[in-house]
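Once you scroll down, you'll see the structures, which are given as structure tokens.
Common to both upcoming complexes is subunit A, partnered first by subunit B, then by subunit C.
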Partner chain A sequence: MIIYPFRKPSSSSFLFFLFFFVFQLLPILVLCQQQQQDPLHLHGGSILAMSGSNCIAMAVDSRFGSGPQMIHTCPRTVLLLHSRVMVGLVGLEGDVQSLSHEFSVQMENLKLRRFLGFGFASSSSSSSSSSSTSSYSSQWSKTTSMTPKSASCLMSHLLYQRRTAPYYVEPIVVGLEEIKATCRGQGNDHISNDSNHYNDDDDDDKGDGDDQETMIRYKPFLCAQDVIGAQSKSHAFVCSGVAKKSLYGCAESLWRPNLSSKELVQVCGKAFLSALERDCLSGYGAVLYLMEGGKGIQEIQLSCRND
Partner chain B sequence: MDSVFGVEYDGGVIIASDQNNARSILTYQTNLDKVAELSSHSAMGVSGPNADLVNFSQYISKNLALYELSNNGLKLSPHAQANFTRGELATALRKGPYQVNIMLGGYDTIKNQASLYWLDHLAAMAKVNYGAQGYASSFCLSIMDRDWKEGLNQEQAVAIVEKCIKELQVRFLIAQPNFIIKAIDKDGVNTLSFGADPADN
Partner chain C sequence: MTWRHHSIFLSLLIAQKGIESILSSDVSMGTTILAVRYRDGVVVGADSRTSVSGYVSNRLATKISFILEDDFGIYALPPSSDVQLQSQFLKHKRADKASTEKKNTESLRKDYKSTCCICRSGSAADTQYLADTIRHQLLRRKVLHSMSSSVSEVAHLLKNYLHNDSLSASLICAGYDHKRDKGVIFSIDMGGTLMEQEGWACNGSGSGYILGMIDANYPDIQNDKTSSMWREDEAVSFVTKAIELAIERDGSSGGVVRIFVINKEGKKAIIHRPACNHAPKNVALSKFAPATRGNDLINRS
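Our next item is the complex of A and B:
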């Protein structure tokens, strides 16, 4: 707090102001030995996620560097919540590791809380022989696994909690939302995995005595967030990382709606690699995760430039 | 200005660092030991200002000792120690960061496996086969890229480290006459060689 007892009317007061402020800042700038780099561009890395019909592909690169120097090649951190939600993290690597740990802890807490919310004091790891506990746990795994929307909101919340000193991470949350269409003349769509509906019957895997048919469609969900958790959703593709601008351009030109899973792998892979060719802070290997509705997640290695 | 590097081999890890203690234009001493022993089977080479070097390495090693005392002699694996160290760096990052860059090496006596970790002052961690911190990375990483392969023994690993030291002494602007080399294997942490005896502090 700078206190000026009286204001000098002369023009030298401006120079005094300037000199005073610069003098305050100078020692700080001198002490910082390294250049002031953008923390999001220090360690490198890029992610691209694209949607197809009933499927999603997420391509991540493998470079971890310190500025221009490559330190280690290891695929970007991708958190797998369950077979229908993935979270890719890119940015300052220390914050990526801290945030992925925090997110995992939140997921464990949620699981524990939902399990304990039924009034059983036993820990989730103990195998209880009582039938009621096991039926609750099976109900949990079927009906209360997290939707991509909820995962995205949780991630956004975790990031905004650190509004004043943010995690320099730009995550991407992708997933497939299950939409059960019950065809009985009218098609009544409702999202089946809401947490309130744990009393629903699971029609899809029981043999139906009724005359209604249920198909499960999977609606892709893509959401990219900035460092303070602002969600931007898309039905087509989202990108994050140092090659973000190139990725948006490539993806925009190559994407088209209703891609099959094979086409999606080709399109996403080609768009990703083309953008990476031109970016020196990403590369050194690329991995593509293909998430298909009802089939799980497949890991595909892409070969790319080592620079 | 510090050179810290490490090489993993089959059955252990070598960590080497220079022994200069200097600030600005003055060299205070040339027999400082910058490879701090954390526990019986792990050590970390630390680069950075001497204050943070000593403070942080003592903080981590004493916390690991406390863990052992509080848990009936249960030791943390090198993986756990590295993650603990990273966690401490991450917590301090937005309060008062430790300006230390670390190469942490350890030998897991239960799994019989050596591991080497590269840790940044920004709390980024990577498990590597070989690595270097500071200006040494510009000189030494390419030598290690060329010569390192799976299944080295200790002599070969030391040979790589000696090559790196020679390169630094020829091409690095700052004179670093003394280097200390430590090996961590199933027998614990052993000092293989030093330029000047750190005990004469």
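Our next item is the complex of A and C:
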């Protein structure tokens, strides 16, 4: 502590004030106004997801760095819920790990039929057998797969829970929604998702027992979110990460509708690598996850520059 | 607030500034530049990335500018007794350089001139301005006063410019010096500090990652033991490897490795493309050219 000698208030005390506060604290306050570093740009990384006909490709890069320095090359975190939903996470790595853990915990809770955190009454056993709860529990036991829309809503909910001190993560939720088309004369489509969420039981039973052809088409679902969970959906492509602007430009110029899965790999890979050429904070390897309806997820490593 | 708090606070701010440097909004050449001496001269190398707040604005930039070259295209005519020499020299230049004529050309070309380049790092605008101004000054000196400058004179002139103006530039001035008949390397820092480096110099944001590696591998050349100095091919492969390693670690360095071999004969350009990561299971996309292939690698100094 600097101890200044006690002075009687006088005109010279104004000079004392000037000297102490203005010349010592003001430079520090001025330096304080430097830009705070954006947490989303600390570790780097980018993701691009594109849709084709009955398939989706998600390309992720492999750079983990601290500002300009590259520390490690390992692919970005991609949560594979099941063969038809993927969640890619990019941003501050600590928050990515926390968020993916929280998301997995929620998925576990749903699997074990503990509806904690969703506002439902907690039913520790299935003894409470009102018709509504039994249909919920049988609903979840039959379809262990979550729809991409629900996954997206869950992720948005988790992010918005931390509105005031957010997770610095920009997730991308992609998936394939099953559309069962039963050909009966006029060819009615029973869409097994969206608003008729809780009536799936009935539709499933009808579809299986009939002799008519049931073609399963897969409708791609793509959704990017910001740090507090605002969803922006697209039928074509979504991007996230530090190279977001370049990726949007590349994808916009290269995408076209109804790409087959082989074409989609080429288009998505080329758009992704082209944008990565122009970004300092992404690169060092690209992994493409190709999700095809009915066939599962395939991992493809692309050869890429190491700068 | 005590002085101790001052110093801690300021040191934290300086550390933060280092991390922020990659996201500054002016065009900066966060870069890796390296110059090493070898037996007959110097080998200089640089990466080729220029970036603006994390976006690569030029991925094939040239950061090595030549200030002194053997022929500017302008010959300051010496006194009349030398006109004959001049015309003979031009005749030989036009004629075929057969091995029988080597003797004659060598005797004419006894006076080698300095070849000097500067490797630029820092703000692109400032360093381009410096290179152009210095080149103009030296050309003026050669035309008006018929004085050929040496690398040492170039370095001192640069230092005066940097010291007087507040430019954000950090340079390596290297080349073959005809007055000393060997390769020389000068390193000029941001405030105008001029240091002549005995064996090698490296600068830029990516230089910190390779300092230890160069220290370990550069031969000991005390007392000018030329036998322990590298040959040209060893020096070129070393510079290539060093800059490749820096490109791999540093986010603001990238692209190709541009190398120049400078000796008394002049300069020679080499461009090296770092390898892609071709693990066996990697797939290369069809007809996708990585950035560093094609006709756009024309060397313009």
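Here, the second predicted complex is superposed on the first by the 223 of 307 C-alpha atoms of A that agree within 3 Å, B and C clash if a C-alpha of one lies under 4 Å from a C-alpha of the other, contacts with A are read in each partner's own complex, and residues count from 1 in each chain.
One rule holds for everything that comes next: contacts are C-beta pairs under 8 Å (C-beta built on N, C-alpha and C of every residue); 3 or more make two chains touch, one makes a residue touch a chain.
Worth saying up front: this structure is predicted, and the values here are computed from it rather than measured.
Visitor: Touch check for A:Q37: first (subunit B), second (subunit C), both, or neither?
Guide: In the superposition, A:Q37 contacts subunit C only.
Visitor: In the superposed arrangement, does A:K270 touch subunit B (first), subunit C (second), both or neither?
Guide: Second partner only, subunit C.
Visitor: For A:G285, using the defined touch cut-off, is the partner it touches subunit B, subunit C, both, or neither? Pick first, second, both or neither.
Guide: Only subunit C; A:G285 stays clear of subunit B.
Visitor: Which holds for A:V78: it touches subunit B only (first), subunit C only (second), both, or neither?
Guide: Neither partner.
Visitor: Counting residues of subunit A in contact, which comes out ahead: subunit B or subunit C?
Guide: On the superposition, C touches more of the residues of subunit A.
Visitor: Look at A:L92 in the shared chain and tell me whether it touches subunit B only, subunit C only, both, or neither; answer first, second, both or neither.
Guide: Once the two structures are laid over each other on A, A:L92 reaches subunit B alone.
Visitor: Pick one for A:Q69: touches subunit B only (first), subunit C only (second), both, or neither.
Guide: both
Visitor: Following superposition on chain A, which residues of subunit A contact subunit B and also contact subunit C?
Guide: The answer is residues 42, 66, 69 of subunit A.
Visitor: In the complex formed with subunit A, which residues of subunit B make contact?
Guide: 86, 89-90, 93-94, 118, 120, 122-128, 131, 137-138, 141
Visitor: Give the list of subunit A residues in touch with subunit C in this complex.
Guide: By the definition above, subunit A touches subunit C via 1-2, 24-25, 28, 31, 34-35, 37-38, 41-42, 44, 65-70, 242, 245-246, 266, 269-270, 273, 277-281, 284-285, 300-307.
Visitor: Can you tell me which positions in subunit C touch subunit A when the two form their complex?
Guide: Contacts found on subunit C: 1-3, 6, 9-10, 13, 16-23, 30, 49, 51, 54-56, 59, 205, 209, 247-255, 274-279, 281-286, 288, 290-292.
Visitor: Across the complex, what residues on subunit A touch subunit B?
Guide: 39, 42-43, 64, 66, 69, 71-72, 74, 92-98, 165
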